[in-house]
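The structures come next, written out as structure tokens.
Both complexes shown next keep chain A, but they swap its partner, so chain B is in the first and chain C is in the second.
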Partner chain A sequence: MIDVDPSLVNWSRAQFAFTAMYHWIFVPLTLGLSFLCAFYETIYLKTGNEEWRKITRFWMTLFGINFAIGVATGIILEFEFGTNWSNYSWMVGDIFGAPLAIEGIFAFFLEASFFAVMFFGWNRVSKGFHCFSTWMVAIGSNLSAVWILVANGWMQNPVGMAFNPDTARFEMENFAEVVFNPVAVSKFTHTSSSGFVMASAFVLTISCWYLIKGRHVEMAKKSIVVASVFGLVASIFVGFTGDESAYEVAQKQPMKLAAMEGLYKGERGAGIVAMGILNSAKEPGDVQDAFLVQVKVPELLSLLANREPGSFVPGIDDLVYGNKEENVMGVNTMMEKGKLALTDLAAFKEARKNKTDQVAEAALERFNVNKEFMGYGYLKTPEEAVPPVNIVFNSFRLMAIIGSLFPVIFGAFLFYTMKGTITEKRWLLPVGLFTGLLGLLAQQAGWVTAEVGRQPWAIQGLMPVKIATTNLSTTAVQITFAMFAVVFTMLLIAEISIMLKQIAAGPEGH
Partner chain B sequence: MTKVASRVFNFYRDGFRQMTVGRTLWKIIIIKLFVMFAVLKLFFFPNYLNTNFKTDEERAGYVLEQLTRQPVQNIK
Partner chain C sequence: MISNLDYVTLQQLWWVICSVVGALFLFLTFVQGGQTLLWQVAKSETESALVVNSLGRKWELPFTTLVLFGGALFASFPKFYSTSFGGAYWVWILILFTFIIQAVSYEYRKKPGNVWGTKTYELFMFINGSVGVLLIGTAIGTFYTGSAFSLNNMNHVTWQYTMGGINLRGLEAAFSLFNISLGLFLVFNARVLGALYLLNNLDLGSVAAMEQRLRKAVWTNFICSLPFLLYVVVAILLMKGFNVDDEGVVSMVSFKYFLNFLALPHLLVMLLGGLALVIWGVLLGAHKGSFRGIWPAGLGTVLVGLCVLCLPAFNGTAFYPSTFDLQSSLTIYNASSSEYTLRVMTYVALAVPFVLLYVAYLWKQMDSQKLSTQDAMDHEAY
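Let's look at the complex of A and B:
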């Protein structure tokens, strides 16, 4: 039996989460700020007003700093795949190879080639071509994100593939199905639009600082107008994409949805918990109340989860132990099927080794009957299929509450800036000052919801995290965790200090 | 052709020469890439399967072994 040390799994998991969260500080800003630079430069191109050129160059410099510090932080994740998650890497290599290769090509040709024109090309290429290059960098950055999210979407909803028991790999059967996986599509639209919100919030923060200090007032006001329009439209769009994303979660990962809502007993006409404090002593299957306090909007969860009022939304208990009345298969049943699948896979492997083809074929036939439950065979108890409910519930609420504030904040800034009274609204400017931080919190909380919510799965239903990990020594993982903490923190300090210096210097200092 | 290549070369050369903040950023990028590839990747993050097995067949065999060991023990 594989004796996977739980502390190894947790350290490997913590290391991956840590590097991904650091990486995700830089990425959303790149996605959104690139488009804001393109908007500012387009206005400059149309109006010929030098003030807009100054604005464009200022934000472009901050974009460059963020890009330079953030670039290649994602490569660390790929190192970790090969070292800490070797079983997983081997199995998904065929699926991830194509999207990641396309990502590399896009990143290289679109970003790298036009990036040079964007920064070196002022006064050396035509204004039109320069502006075109800025747009290409923005589009290229966002297209790169498509392929990464296609890979992530596949882990949450594995489609368009077949498991090859000879090579122990998932092999791609339908590229279009992988790319247009509804989970990947909703993930991309939600993630990129939230990046636009993050960048708009960042512009608001710095512009408000200038307004409070009474410096570069005209530049700050102009920057706010464009960022507020972009932020307002993007934050409303984020609401719609979030709804679509939650719908996909409800259909493909009902356990994650149940954890997001702290829903233990499924019900028809289920409501959404607007605010609540979870009972931390609550365990699946017991009779305790799930909440100490809650404010619920009746019927709304059924409508959002199934697009049908009054429909049944399964809770954690239904999913773990099954609910025959509502036709929900429990994890306990899936575990039995999963164990059969794995026994048949083991029999297939032995028969292949002994070159007894007929036995192998029979084992494969039996394996195919239960292969979709393969991952459940590794669980020791049905309760192991439940993610940490407290973390998922609270991070989801943090993201949603902050997200719902953004349209109001951007709307207020747009209104008062257009009215010409923004500098008089001393109560609003400090709000703007903290908008960037709120954006960052919402970004991180969103990923925590998505990734902690899908635990224990590395690949939904097929491979739990504990099987995906490499059997290394825990100490080795702890050492590299500490090294990353040092390297990434130094990078973050470098980014913040260079950026602060540049912000202090203002638009003349680029 | 040579003229185009020379213009492209001059474009990059002048661009690098005129950098201000960019100089610091490039230094950070180079140090970062060095630490990532020459230290972390080389000494701390070897590709487990590539390092321990020579052929894809061996790697597949190892992963399949990992996948099938546990459940057999688990079945009651």
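Let's look at the complex of A and C:
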């Protein structure tokens, strides 16, 4: 058994979470704003109207400011897998490294090369080629999301691979299964479309500010029309992809779903808690109520989770301690099998080292019986398999509630802008002013739901986070955490300040 | 054809592919070198704008190539990725920090409201171009000098070098004269390339004094690089190396890299040819009044880089040796991904020439006219 300092694991986890959350402030905006710039420029190309050129260049400037800090905060994430999660990198690099390399080849170069044309090519290439370059940047940015989410999806639902006891690592067996992993597909569609919503909300926020101030009114109205159409379509799509994503969670990560719903006792015909306050004293296996207050929609969870009304949805207690009646194996049982697997693996490695082939064969045979539970062998208690329920439950609700507001907001803006009365709707403009912030909150909450909800696993069911960590000193990670906190915050302050100046200056200079 | 390649060939092929990416990165460090020249060759606002805007149209290329280099190593040699990045923690973290601060510097340097002031962002660029490249050089140097680590039977790394009870996690690489010399050579070479690139990319008609400063920078930086280059080359020829026998047992062998040159003479040709091309590029830029020195010097750098990265990996050599436990040393055969993954990645790599082609096409499109003072002072410019 590997003994890892829990404070090191927590600091490593905190550093990754911190850097990823910072990165995630900027990425959704890049994903969507790149397409909005492409839309604006395409309209300019079609109409030849200089006003659209001005609009394109204004949003492009904001895109560039955001893009730079997105790139700065992004480089560290790829390398952190090596620096802070080296055991993880070794054990799954055979599978996980491939999408990252492909991201570099197909996406980053597309983005990077056409980025220079997009920003500095206005007078150097034809209008058509310039517009094409803008589209390439948008496609490159989103292609990058495809591959990183293939990698992330694989961590949540490891498919297309097998454990090789000789090399002590997981190895890829089917690339197509890794790429078309249903979790990866639903993650990409949900994440990218939510990025489109975020960018549309950002455009709405700035345009509403102009309308409230009575500045750049025509530009703001034109921007709103395109952003509202994009935002409306994307936000409806987000609803569908969110449903698909939750379905995949229910099938592949039932513990995460149980945490998202605060469901301790599994039931048939389970309902969804629309609103509720969790009982923070509640522990798995005790008899306390999970909620202090709750408003529940009956039967809906079973329907959404299994596409079958009245079906059984396991709760945290079922998953931790098992439920024979519903044929759910508990973590406690899986831990026993996992510990046997680890013991047999160690025996196999030792026999191989000593070149005692028969002993090795026997150990391998025993290992193969329980190998699928290997990850559970690293847990110390069954309750360790439960993620922080409060955080997951609340962040999921925050994301879902905000997400459900967006179609209404975009619909209203589209309707009144097309009607030509948007400037008269003084009640609506302040709502638009806050949509960007709402989008940001929903994005972060979504990320927290996905990533905190899968704790304690780095790879679902196979490798807990604590085993994935590099054996650094806690102090080293604390120092780098502080370095990231200082540098990223300095850059964020600069980014916001520059953005505000550019927004205040408006499109005149463009 | 790819389906017929055996595992050993795939492993060797992937080391060559990673080396090509690494060597291209070394060429693209002309951006980093140019950044360190900013305060030296640009004496006015206009000149600064020219330098920054010229480099600013290319800064993403070395950045992206570095990321690809990391990704390719992760995919094809995960044991190296986990051992080196997890082990030599501080070296890699510091390298990454220099690239983090570079990424925003072009965009934010002159923007109103940038909070920290133009000079801060210029300092960020300087740090990236100097400390960043120096540390990359020292990290590459460990391919020859080794690092103090051990791997357990699950291949988990433990870094063993301590000083005064503190585990230096890779910073000890800076104590090696060889590593530091290689790093300094790369810094000065990047500066040579930076000056040559600027000579090629800028319309210097209105800034004749800067042209002279750039030509002088090509020569002085080349001269400064020579002692380090000579030391590195001589040391490589004379040093003991980490030999791997047919059983996979690692031992120290005298003149190992010299013997590798004899066994792999094409690497020697690459090194000598590369150095000759660099010298030719330098002479063109420094003394012949030419603006095209970047091309031979750039190609020369790629060839030298390819040689430096391939020499410690082939002919039965451990490319990431452990000085603490020789048998923990990494070779391209024990550190690679599985045969299946390498084969899949080889199919993917078929797209690389296409990527290089459109990068070159866009480069040509954007650089068909030299960057003028007017372009650099445009309100959209950096």
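What we mean here is this: the second predicted complex is superposed on the first by the 501 of 510 C-alpha atoms of A that agree within 3 Å, B and C clash if a C-alpha of one lies under 4 Å from a C-alpha of the other, contacts with A are read in each partner's own complex, and residues count from 1 in each chain.
As a convention for this text, a residue touches a chain if its C-beta (ideal position, glycine included) is under 8 Å from a C-beta of that chain, and two chains touch if they have at least 3 such contacts.
What you are looking at is a predicted structure, and each value in this text was computed from that prediction instead of being measured.
Visitor: Would chain B and chain C fit next to each other on chain A once aligned, or clash?
Guide: The answer is clash.
Visitor: Applying the document's definition of touch, where does A:Phe106 land relative to chain B and chain C: first, second, both, or neither?
Guide: Only chain C; A:Phe106 stays clear of chain B.
Visitor: Once the shared chain is lined up, is A:Asp166 touching chain B (first), chain C (second), both, or neither of them?
Guide: first
Visitor: If you count the residues of chain A that each partner touches, which comes out higher, chain B or chain C?
Guide: If we count touched residues of chain A for both partners, the winner is C.
Visitor: Could you tell me if A:Gly64 is touching chain B, chain C, both of them or neither one (first, second, both, neither)?
Guide: In the superposed model, A:Gly64 contacts both chain B and chain C.
Visitor: Which holds for A:Thr83: it touches chain B only (first), chain C only (second), both, or neither?
Guide: In the superposed model, A:Thr83 contacts both chain B and chain C.
Visitor: Of the partners chain B and chain C, which touch A:Tyr378 in the superposed model: first, second, both, neither?
Guide: Only chain B; A:Tyr378 stays clear of chain C.
Visitor: Considering only touches as defined above, state whether A:Phe119 meets chain B (first), chain C (second), both or neither.
Guide: After superposing on A, A:Phe119 lies in contact with both chain B and chain C.
Visitor: If you stack the two complexes on chain A, which partner ends up touching A:Lys425: first (chain B), second (chain C), both, or neither?
Guide: Touch status of A:Lys425: no partner.
Visitor: With both complexes superposed on chain A, which partner does A:Lys339 reach: first (chain B), second (chain C), both or neither?
Guide: First partner only.
Visitor: Looking at the overlay, what does A:Lys296 touch: chain B (first), chain C (second), both, or neither?
Guide: neither
Visitor: Looking at 3-11, 93-101, 291-299 or 309-317, which bit of chain C clashes with chain B?
Guide: The answer is stretch 93-101.
Visitor: Could you tell me which stretches of chain A are touched by chain B in one complex and by chain C in the other?
Guide: The overlap between the chain B and chain C interfaces on chain A comprises residues 2, 61, 64-65, 68-69, 71-72, 75-76, 79, 82-83, 86-87, 89-90, 116, 119-121, 124, 167-169, 349, 470-472, 476, 480, 483, 487, 491, 494, 498, 502, 510.
Visitor: Which of the residues in chain A end up touching chain C in this complex?
Guide: Going through chain A, the ones touching chain C are 2, 57, 61, 64-65, 67-69, 71-73, 75-76, 78-79, 81-90, 93-98, 100-106, 108-109, 111-117, 119-122, 124-125, 129, 164, 167-169, 171-173, 175, 349-350, 353, 470-473, 476, 480, 483, 487, 490-491, 493-495, 497-498, 500-502, 505, 509-510.
Visitor: Can you list the chain A residues touching chain B in their complex?
Guide: So the residues of chain A touching chain B come out as 1-2, 61, 64-65, 68-69, 71-72, 75-76, 79-80, 82-83, 86-87, 89-91, 116, 119-121, 124, 165-169, 338-339, 342-343, 345-346, 349, 377-378, 380, 467, 470-472, 476, 479-480, 483, 487, 491, 494, 498, 502, 510.
Visitor: Inside the complex, what are the residues of chain B that reach chain A?
Guide: Listed in rising order, the residues are 11-12, 14-16, 18, 20-22, 24-26, 28-29, 32-33, 35-36, 40-41, 44-50, 56, 59-60, 63-75.
Visitor: Which residues, counting only chain C, touch chain A once they are in their complex?
Guide: Result: residues 53, 57-58, 60-61, 63-64, 66-68, 70-76, 78-79, 81-87, 89-90, 92-93, 96-97, 99-104, 106-108, 111-116, 153-158, 167, 169, 337-338, 340-341, 344-345, 348-349, 351-352, 355, 358-359, 362, 365-366, 368-369, 375, 379-381 of chain C touch chain A.
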